[in-house]
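Below are two complexes that have subunit A in common, paired first with subunit B and then with subunit C.
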Partner chain A sequence: MRILRFVVRRLLQLVPVLLGVVVLAFLLVRVLPGDPVRSILGQNATEEDAAAARARFGLDQSLWHQFLDYLGGLLTGDFGTSIQSGGSVGSEMALRVGPTLELVVISVTFALVVATVLGIWSAKRANRAGDHSIRIFALVGNSVPEFWLGLVLVLVGYSILGWFPAPNGRVDPDTGLTPLTGADLVDAVLTANGPATASAAAYLVLPVLTLVVGVVAPLLRSVRASALEVLHSESYAAAKAHGLRDRTLHHGYLLRATLVRLPSLAALVFGTAIGSTVLVEYVFSWQGFGQWALRGLLYRDYPVVQASVLVIALCYVLVFLIADVVHAILDPRVRL
Partner chain B sequence: MTVLSIENLSVTIRRPGRQVAALSGVSFAVRPGEVVGLVGESGGGKSMVARAVVGLLPGGSHATGRVRLGDSDVLRMDDAALAAHRGRGVAICFQNPRGALSPTRTIGKQLVDRLATHQDMSGDRAREAARELFETVGIRSAQRRLDAYAHELSGGMAQRVMISLATGCAPELLIADEPTTGLDVTLTREILRQFRHAADTDGRGVLLISHDLASIAEVCDRVVVLYAGTVVESGPAAQVLREPAHPYTRALLRSVPDVGGRPVVATPGAMPLLTQEPDNCPFVARCAHADRTCSTRRPPTAPVPGGGEWSLACFHPQTRPLDAGTPPPPAAEEKGAETGANPKPAVLEVEDAHVVYRSRFGSGGHHALRGVTLRLAPGETLGVVGESGCGKSTLAKLVMGLVAPTSGTVTVAGRALVGQPGRPRPRGRALRRARTRAQLVFQDPIGSLSPRRTVGDSIAEPLRAAGLSPAQREERVTAVLDRMELDRSILKRYPHELSGGQAQRVGIARALVGEPDLIVFDEPTSALDVTVQAQILDVIADVAADADRASVFISHDLATVRGFADRVVVLYLGRVVEEGPVDVVFDTPRHPYTRALLGSAPRLGPTTGSDGEAVELVKDLEEADAATGCPLAARCPFATGRCRTEQQELQSYGESRAACWRVPELPALIGRQAVTP
Partner chain C sequence: MAELRTVPGGPAAAPVVVPGGDRDGRFASRMIIAGASILSVVALAAVFAPLLSQWGETEIDAANTLVAPGGSHLLGTDGNGMDIWSRVLYAARLDLGIALAAVALAVVVGTLLGLVAGYFGGWLDDVLMRVVDIFQSFPTFILALAVAALLGNGTINLIVTIAAVNAPAYARLVRAEVRSLRELPFVDAAITSGASPAGVLWRHLLPNSLTPVRVIAPLNCGWAMLTLAGLSFLGLGVSIPEAEWGAMISLGAADVVGGRWWTSVPPGLALFVCVLGFSLLGEGLQDRANAKRR
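So, the complex of A and B:
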């Protein structure tokens, strides 16, 4: 009950935060040097052509007017029209958020599980060979640039071994998948399309692996550190001195106490992972949100940049909200 | 038949670069149904014995000898046998119960885990058994408490849970490592009674580890005194505690302040850190009776002639009664007369002060002080006593200007230190100057010094704030160091390099260096070992005797207050329930609460008949509710309808004042209670 009230309060706080993000994104993108109109017109366009194009996108109006127009559109769910493609930003984005979220959510979830299992395993064998090798492995994975790792994985997984499909999309087009949410694996499962499910899963393996290797290191370190802290804590020593079985010790006294501090770090890592997708999507031709947002930024496509900043901000706030709730559930000392 | 028998146990800890002989040839035994006290200063090896018995010796340690439990030797057990032995054979109650309870698992589940592991219970049966165990250790509304977490418990409650966890393993031997540290007198008594109960009803052996001889004296059958890893004396509690023969035991006992008013005798020096088994008497450097034999040969442990199980390791056993040879108490009368003769302007005046800690949202809050009135003249020392949670620390903060009174006024040396209702709020330089007039000495001596500043910096800080030049600062700092009997070399050191006693001397030096008009001591000795405590009490008594300065001494340990306070105030749930000259209040207590406190206070030696009229309180403090009427009504065995409805004001009874209308009838009532318990 208390948690529900906390969630509602935080969701209400979301409104001013997003409003601030809208204003900042709107102003900052216009401060950037570069002109979106010039970038679509080509080299031979005259001043008149440019003025006409500006008028078409409403860019000749005063800043105030533009902002109020944009805000009014947002309230009705209209994110504006892309200057580059001329299409609706809302519908373009809808196509691209799904695949990226699928990629990031699966990767971060997977990374959390791996980090928890390996982190605790590692802490129990602190300063022995297994512990050291896991930590070195995590450190190396963290230091390797994602695009390079992606390329290596493609080289090995596709070119040499041939186990995984080519990095040319998210699902085999021949499986006849009907898109619903844009997240192909989810769609395939929802439409009970067996071949598409298998194909989407196969396509996911390499990009997910790339992202997981990239983000698992900080999570692993954190889990290992807090597991060590719990293992050396008085309460764990007390439980051990009372002769509890290893299983009971592990489930009742180690696991939850260790995971207490993970959610807030996981939320941060989630944010980093969204950023990392830009390059990973390029390598795997994922046609996702990151690629789309980056192109919008390069061409100063104002509505696209504003919409993507807004969505990323929303993701951050929601993920941190989830993290806080999970933290409160895990740690009875936390008061919401 | 013994539960535990330790034979010639030696533990050496080898770490790179150093070696410590933690235990050297320790032998003793615990029988079923017997409570054995293991006493001595910290560093004496008490906890090492406990660790050896549960097979949890620290890394790098090497143990020889035997630790027999039943017919197996703990030191020679493999991992599987150890796992079975822990809990089932021996269960430990840890010193800091709140730290030893898992923070993320309900206490009910933690107990059920133990029952499931050691008594093969499961599901509802285990939960039911857990509830019953909680009830036997005195946890009320046990059913509800099963789902509580460790952080929701008070210190006393947490220690009860810890005891229930340990007994839940159904061990043959229960070890309690300093189970009452940080608890106040009434709780200490109650917790120790639980261990006696475990020995009496379940026939378990109990090994009670403590540095505080006085408090465990009542419940122990036998006592083993450890010094520097060796057993110096052991035997029946009554004999060892009343007529100790070993000079160390005597020193230990004489360091313990007594509510009876017996003066504390401090023993100089500190325990040596042995690197190998000693070949002389380890106490030789601190012993007044030592001669050449003591420093060349190690005294063998030998039974005292005619003493039954009583044995000791000393070439010069002492037989005189403990108090002989101690100087007579300093003439406190003189000082009292002097302060009475010429009344000076008060240093501290507290007028009907209330403090309410508001909760963050909405109304309500915690009423920490309810109408306290105090007046303190220069040269006077006021003792403030009461259980934890009675508002002692709030009173300290109020006097120091660290909390503002919700109503009422507080004046230190004629000035207000904090915004008060109806008075201008002090600010800026005037406030800073006013604040130098009152200083605080904290409970945790090391924690109250900044870890990143040298001792010299910490001591000089109040002077820097007052704007003194470096030369003046140095002069004042060296003067105060000399007074605290500290070496100059300490100025360059950092707090973690200090012992507890040194750190508390530094804390007192810091408070003293600005020559304040008022010093507040907030439980300054409760974190220290008994012998160190005696040394620090000496220092404090000296400081408190300064004629131009007033002191407030806050403590839950009544005996420490008796030593040097002129007047004493007994606080209960934010109210003053009794006040008066210290000897009057302690010798002829009026209020039932004061009687109960004094009755729970540990006493060494024979309890005299005049003190037999102690009052037993009915419940714990946390269950008492002071909504209307007398705050003690819920716990007082003599409460009537009038007590529950009518607020009690302080009334004069002889030299002291007490807030209870039944005072004249109490002696008769107490007599009746004793007859029909």
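So, the complex of A and C:
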């Protein structure tokens, strides 16, 4: 109940923040040099054509008018019309968010598990060879350019070994998958489409691996540091001196205390992963949100940029909210 | 890594050194040496690129496009017939140069803002910190993309972009440091002996608040290189024919699917090794700084 109240309060606090983001995105995108209609008209368009196109998208109105229009639309769930494609931004985005979220959520989850296991293992062997190699591994993960790692994985996994599909999408089109959420693996499982499930999973392996290597390093460091702290704490020493079983020590003391700090860091890493997906999607032709937003930015497609900035900010703040709730559940000392 | 921690809830909050880290600092020293060696090699490669390669930075061998490594092209050529080995060497100039310049700019601007905000406080501090908050509430690479789109291509613009994304972190770091330093007796002593605010800031607070900056900056250089390469990869950074690792990887991306590894793998490897050098150096320095706090 207390948690519910906390969530509602935080959600209400989000309203002004998101309103700020909406205003900022609206203004910034109009400060960008470059003209959104020029890019759809081509080189031979006359000044009249440009003016007509501008009028069609309401860009000839005053800034206030445009903003109120946009805000009014947002309140009814209308993100506007894409200048590039002429389609509804809301429905275009709906198709794009699913695939990206699928990629990011699977990668971050996977990275969390790997970081917890390796981090605790490494802390127990502090300053021995195993620990040093884990630290070097974390440094490597921190230093490798993700988009290049993706290409190397394609080279090895597809071009040389042929184990994984080519980087040309998210699922084999021949499997006849009916899209529901846009997250292909989920769709395939929901529609009980066996071949599509296998295909979607195979397509996911390389991009997920790419993201995991990039994302696991900071998590690994944090787990290692927290675990070291617990291992050398007086309470742990006391528990050990009382002769508690290893299992109890490990689960009741080490694991739980180590995991307490993880949610907020995971939230931060989730943000980094959203940034990285722009690059990783590009490598794997994932046709997700990152690619869509990038194209919007490059073509100065105002409604697309505005919508993607809003969605990224919304994702970011919601993930931090979830992290706070999980933290409170893990650590009873936290009062919400 | 010897870590400091405070006893939770203890009234004295005495610092306790957590043993089990790198007690004698040997691992830290090794990391620093390894990082510095890697970076020296890269710097030498950048300086002596003309001596180490047979082909020019943008020289085109039109008869030999996309040839495999061997023969007169040590690492083969790309789709335009430009020599990969030569360009990997030459690219170190632009990559190192832009990253170092960007981090230097970020350090200078961020430190100044942090000093002013931390020392004077009040509305100035509030405004500056709110701006920093806004900057830091977006994923950094997304922010870099947006600023790069705003400013457009060009070396100077890229330096400004990467610096703009990084400066807020330094501002926050230095501000926190100044705020705690300001309360120490030596600052009062300086003020009572008649030092001007500028004098106190410049002579006393600045040198003392730079310690964390020195540790963060090398790590940040690595990150700056990754950002630069990422931007170039997406076509928002350095563009072909100039030699830059990210742009080279981007050019070769399509070849990889066909198994032609030599256009993308070498520049990426160079980038990775260089960033690893910065990471090793930064991590080693960080370990050392932590050990010193004992």
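Quick note on the criterion: the second predicted complex is superposed on the first by the 336 of 336 C-alpha atoms of A that agree within 3 Å, B and C clash if a C-alpha of one lies under 4 Å from a C-alpha of the other, contacts with A are read in each partner's own complex, and residues count from 1 in each chain.
Convention: contacts are C-beta pairs under 8 Å (C-beta built on N, C-alpha and C of every residue); 3 or more make two chains touch, one makes a residue touch a chain.
Computed from a predicted model, the values in this text were never measured in an experiment.
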item	value
Partners on subunit A (subunit B, subunit C) - clash or fit	fit
First (subunit B), second (subunit C), both or neither touched by A:Gly243	first
Which partner, subunit B or subunit C, touches more subunit A residues	C
Which superposed partner A:Val260 touches (first subunit B, second subunit C, both, neither)	first
Which superposed partner A:Leu27 touches (first subunit B, second subunit C, both, neither)	neither
Partner chain in contact with A:Gly252 - subunit B first, subunit C second, else both or neither	first
First, second, both or neither for A:Leu330, with subunit B first and subunit C second	first
From subunit A, separation angle of subunit B and subunit C (C-alpha centres, steps of 10 degrees)	70
Touched partner set for A:Val117, first subunit B, second subunit C, both or neither	neither
Which superposed partner A:Ile274 touches (first subunit B, second subunit C, both, neither)	second
Shortest CA-CA distance in Å separating subunit B from subunit C in the superposed model	5
Complex interface listing, subunit C residues touching subunit A	3, 5, 18-23, 27, 134, 137-142, 145-146, 149-150, 152, 222, 226, 229-230, 233-236, 246, 249, 252-253, 256-259, 261, 264-265, 268, 271-272, 275-276, 278-280, 283
Touch list for subunit B against partner subunit A, complex	54, 56, 83-88, 91-92, 94, 96, 99-105, 109-110, 113-114, 116-118, 149-151, 162, 165-166, 169
List of subunit A residues in touch with subunit C within their complex	24, 28, 31-33, 126-127, 132, 135, 139-140, 142-149, 151-152, 154-155, 158-160, 166-167, 225, 228-229, 231-232, 271-272, 274-276, 278-279, 282-283, 294, 297-298, 312-313, 316
Contacting residues of subunit A [partner subunit B, same complex]	233-245, 248, 252-253, 256-257, 260, 330-333
